[in-house]
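Multiple structures are listed underneath, in structure tokens.
Both complexes shown next keep chain A, but they swap its partner, so chain B is in the first and chain C is in the second.
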Partner chain A sequence: MRRTLRIYRRSLGAHLRAVLEYEADFWVLIVAGLLFQVLNLIFLSAVFAHVPALNGWSYPEAVLLAGTYGFVNGLGPLFFEGTWRLAGKINHGELDYPLTRPAPVLVQVVSGGIGLHGVGDLIGGGAMIGWGLAHSDIDWSPARIGGGLLLLASSATILLSLIVVGNAASFWVGGNHPVFAMTLIRTGDMAKYPLSIYGVAVRATFTVLVPYAFISFFPASWLLGKESAWIGLLTPLVALYCVYLARLVFRLGLRRYDSAGH
Partner chain B sequence: MSLVEARGLTKIFRRPEKDPGLRGSLKHLVQRRFKDFRAVDGIDLSIEAGESVAYVGPNGAGKSTTIKLLTGILVPTAGTVRVAGAEPHTDRMVNARNIGVLFGQRTQLWWDLPVRESLALLRDMYDLSPAFYKQRLERLDEVLGLADLLPVVARKLSLGQRMRADLAAALLHQPKIVYLDEPTIGLDISVKDRVRQFLRELRQDGTTLMLTTHDLGDIEDVCERIVIIDEGRKIFDGPLAQMKDRFARVRRMHLQLAEPTPVEKLAERLPDVEVIAGDSPTEVTVTFDRFTHTAGQIIAGVLDVVEVGELHLDEPAIEDVVRKVYAGELLR
Partner chain C sequence: MRPYLGLLRMSTRRILTYRLNSLILWIGGATFLAGSLAVWHALLSQGAIGGYDWDQMKAYLLVGWATASIGSAYGDWWMASRIFDGHVATDLTKPLDYQWARFSEHMGGLATEFIAIAIAATAIVTFTGGLVVPGPGQALLFAVSFLLVAPLKFTIAYITTMACFWTQNFMGVSWAKDAVVTLFSGALIPLALLPAWLAGPAAVLPFASITATPAALYLGQATGWEALRLLAVQAAWVLVLWWGARLIWRRALRALTVHGG
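Let's turn to the complex of A and B:
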């Protein structure tokens, strides 16, 4: 495990150094990420200019929710960007070499790139979380702080696992682009608004089928003490399940891999 | 037990069977039909430690697929493989430490990274100690001229440079057995020579080599054993010299005649052989089967008709054999 982490870290580090060679790109990407979060904020502000609350969620609470989703989403490009290249790699038979090296293929794939726009997401999302927390009515205690951090880590784990699951679908779907993963992850954008505004079907889907609700809605509900806040405490379990699922799907996919040419 | 042991190795790919055009594609969505394609069909292969084996066959014969099965990249449909005691596709990590792989058509270097960074990543994956890594880099620099390439980003390398860097990457951890899939493809003569020289040195160091190639110079320079496959089946396996004995039956004699002589006259005197006119009326080429005729018989026959000035004889070339295999002329 430690060895695997070391390989992951070194690989990511090498790609970070490579990306930093292009200084202009670096700033453009960060600003782009930041801009995306600002747009989210403008949209929320526009909605709340007309209504005082969304199904019991105040403006700061909604900002906290969107900020959490934005923050967690920034981790994908920063730490799992290589995953998005999986479809192309499968299509071009580029998993051949990774399969002949003594390191987990998933680790080699995941650490095969870095997207700096994630930094903008982290800064923007982080600022929104900070502002949201400061303006919400939260009963702070050491347990709440620790719990909050645990839930944040779990929610990040869930999203990263879903990115892997979505992209691993390329082992079955084929094609050069991660169409399935794009659809899966973009659908998750709905989770940046309070889930309670949606109908039962959508809520059930996002809770059970694809657990987007555990990325921001349930953890935030627990932190803010909303109704059925206890569900938020299931987030770590859901995270474990997602990790298991991601590894399983990737492993099964890898068995199907049949390279390119012959 | 041999270093590499494959028994009844088989790989069947399933290919979608579509009618042409959009109509065909749409139809395939509803009514899925597939056709099996046997890329590798029951191959038995044993390679002893220290051997260097050329794996030869026409395009699409199943060479690369065999390599991918032996390296654990593909899971066999049937049959067994053992490499240094490990089953490649199940003991992937164990096997990975024993083998080095190079696919000449593709690089294993990280596209956006300098060569140095790629090699450092491999060092981490193979758990090489700093001392060992340094010593290997020095050795590889000696034979491949690596030093100039280290700071260059992979995508900026020329093909020859890339191949040298890729060889270094494949051999960094000093593998027991090295699989090379077309290691000289697209290289110019001087780089090709350098690569072959490197492969010969590798062989002298006791490394086991298996290489697929269309370049027969590679084979004669580097390998002592040749395995020929076609349509996924093995059709020859043995020493290079034996292959020539068995399949290279055709010899060619070029004669310079004392006076212009019609080809027909010679052909009359020499039935069962092929006599072809040369560039000038005094030149002819006689092609004969060395199992039915000796060179002496041919010369005697020609001398009956006309005086001979000069002559020279083409020895059976490995090219001829392989060309015949490619054209499907050899008996299976």
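Let's turn to the complex of A and C:
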């Protein structure tokens, strides 16, 4: 386990050093990430200038929800960016190299890149969380703080696992671009808003089939003491299930890999 | 003319080669549209916002989504990767105008995009109970402005992609462009609902011609001379950006470095 972590860290570090060579790109990426969080904020503030609440969610609460989603989304590019290159690696037969090296294939794939736009997401999302928390009515206690952090870690685990599942689908879909993962993660963008605004089909799908709702809606509901807040406490269990699913799908996919014939 | 038509056909075929990919991308786009419809349905349940009721907002979102889908089929990504890996050098030796060639590739995606838009429109009419339909005059104005969106979006994407001559990474540049276009075109939220400090720049930037103009014509918010003025502004931006791109291209070529070969 420790060896695996060290490999992950060194591989990620190598990519970080490579990316930092290009200073202009560094700033462009961070600004791009930040811009998307600013867009979310502009949308919410423009809308809430005209309505007092969105299905019982006030402006600060909605900002907290969108901020959580943005923050968690920033972790993907920073720590799991290599996953998005899996489709290209399969398509070009480049997965041969990780397969011959003495380290877990998934770890090598996941650490095969770093996207600095995640920094922009973390800054923008983090600021929105902070502002939302400061302006929401929350009954703070040590248990609430610890629980909140645990739920945040769990929701990050869920999203990162979904990224792996979506990209591992490239073993079956083929093609050079991870379109399935793009669609899977983009659909999750609907979880930026309170789940209760959607129809029953979407609510059921987002809770049971693909647990987007556990990335931001249920944890935030628990923190704010919303209706059926207890579901938020299931987030760690959902996270464990997603990790299991991600490993399983990746393994099954890897068995299908047949290189590209050089 | 013939080589350009050839490029156009080739780019259509390239998209159709990965049919499953295209289909999944369409589904992704459709869920995005469904998501924004749901958000606005909830927002508008207590009454109109900024003059938009549910029926008008439905039409607005469809026009916004349709204008956003046009020309999104990777043309700029192909161009970017050819600049990075140096293949652009072979493009330069061809007896073709580089800008017209890329424009042809850009237009090659339109056929498939129109089908996707038609399917989405049909789905909205079926599942949400009808759609506002403009009169024949407004419909014609809308059609003209909708067609102008294709070259307009091309020039914006083309100019943005030329940043690749100076940077090593297209993703950040492309995303920053997408964010700016989404905000100032009216695709994020109708420009009338933006705060004044954003509505001001939105009014003078070219991006409003991408979504706000076709939507205003479709919904009949701009009629008569005002409608013609909007169309003229749109056409003027296409010309200005087309020739502006040629100026930038000349400078960009001087920044091009290709190693080996």
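Just so we're on the same page, the second predicted complex is superposed on the first by the 261 of 262 C-alpha atoms of A that agree within 3 Å, B and C clash if a C-alpha of one lies under 4 Å from a C-alpha of the other, contacts with A are read in each partner's own complex, and residues count from 1 in each chain.
Operating definition for what follows: a contact is a pair of C-beta atoms (placed from the backbone, for glycine too) under 8 Å apart; a residue touches a chain by one contact, two chains touch by 3 or more.
The model shown is predicted, which means the values in this text are computed figures rather than measured ones.
Of the two partner chains, neither chain B nor chain C is touched by A:S141.
Of the two partner chains, chain B is the only one that A:R3 touches; chain C does not reach it. When the two structures are aligned on the shared chain, A:R255 is found in touch with chain B, with no touch to chain C.
Of the two partner chains placed by superposition, only chain C is touched by A:Y22; chain B is not. Partner contacting the larger number of chain A residues, of chain B and chain C: C.
Of the two partner chains, chain C is the only one that A:A32 touches; chain B does not reach it.
On the chain C side of its complex with chain A, the touching residues are 18, 20-21, 24-25, 27-28, 31-32, 35, 38-39, 41-43, 46, 49-50, 166-169, 171-173, 175-176, 179-180, 182-183, 188-189, 193-195, 198. Per the touch definition, chain B reaches chain A in the complex via residues 13, 39, 60, 62, 64-65, 68, 71-75, 92-93, 96-97, 99, 101, 103, 106, 108, 110, 112-114, 117, 120-122, 124-127, 153.
Put simply, chain A touches chain B in their complex at residues 3, 6-7, 10-11, 14-15, 17-19, 93-97, 99-103, 112, 255, 257-259, 261-262.
If you check the complex, the residues on chain A that touch chain C are 22, 24-25, 28-29, 31-33, 35-36, 38-39, 42-43, 45-47, 49-51, 54-55, 115, 117, 173-177, 179-180, 182-183, 186-187, 189-190, 193, 197-199, 202.
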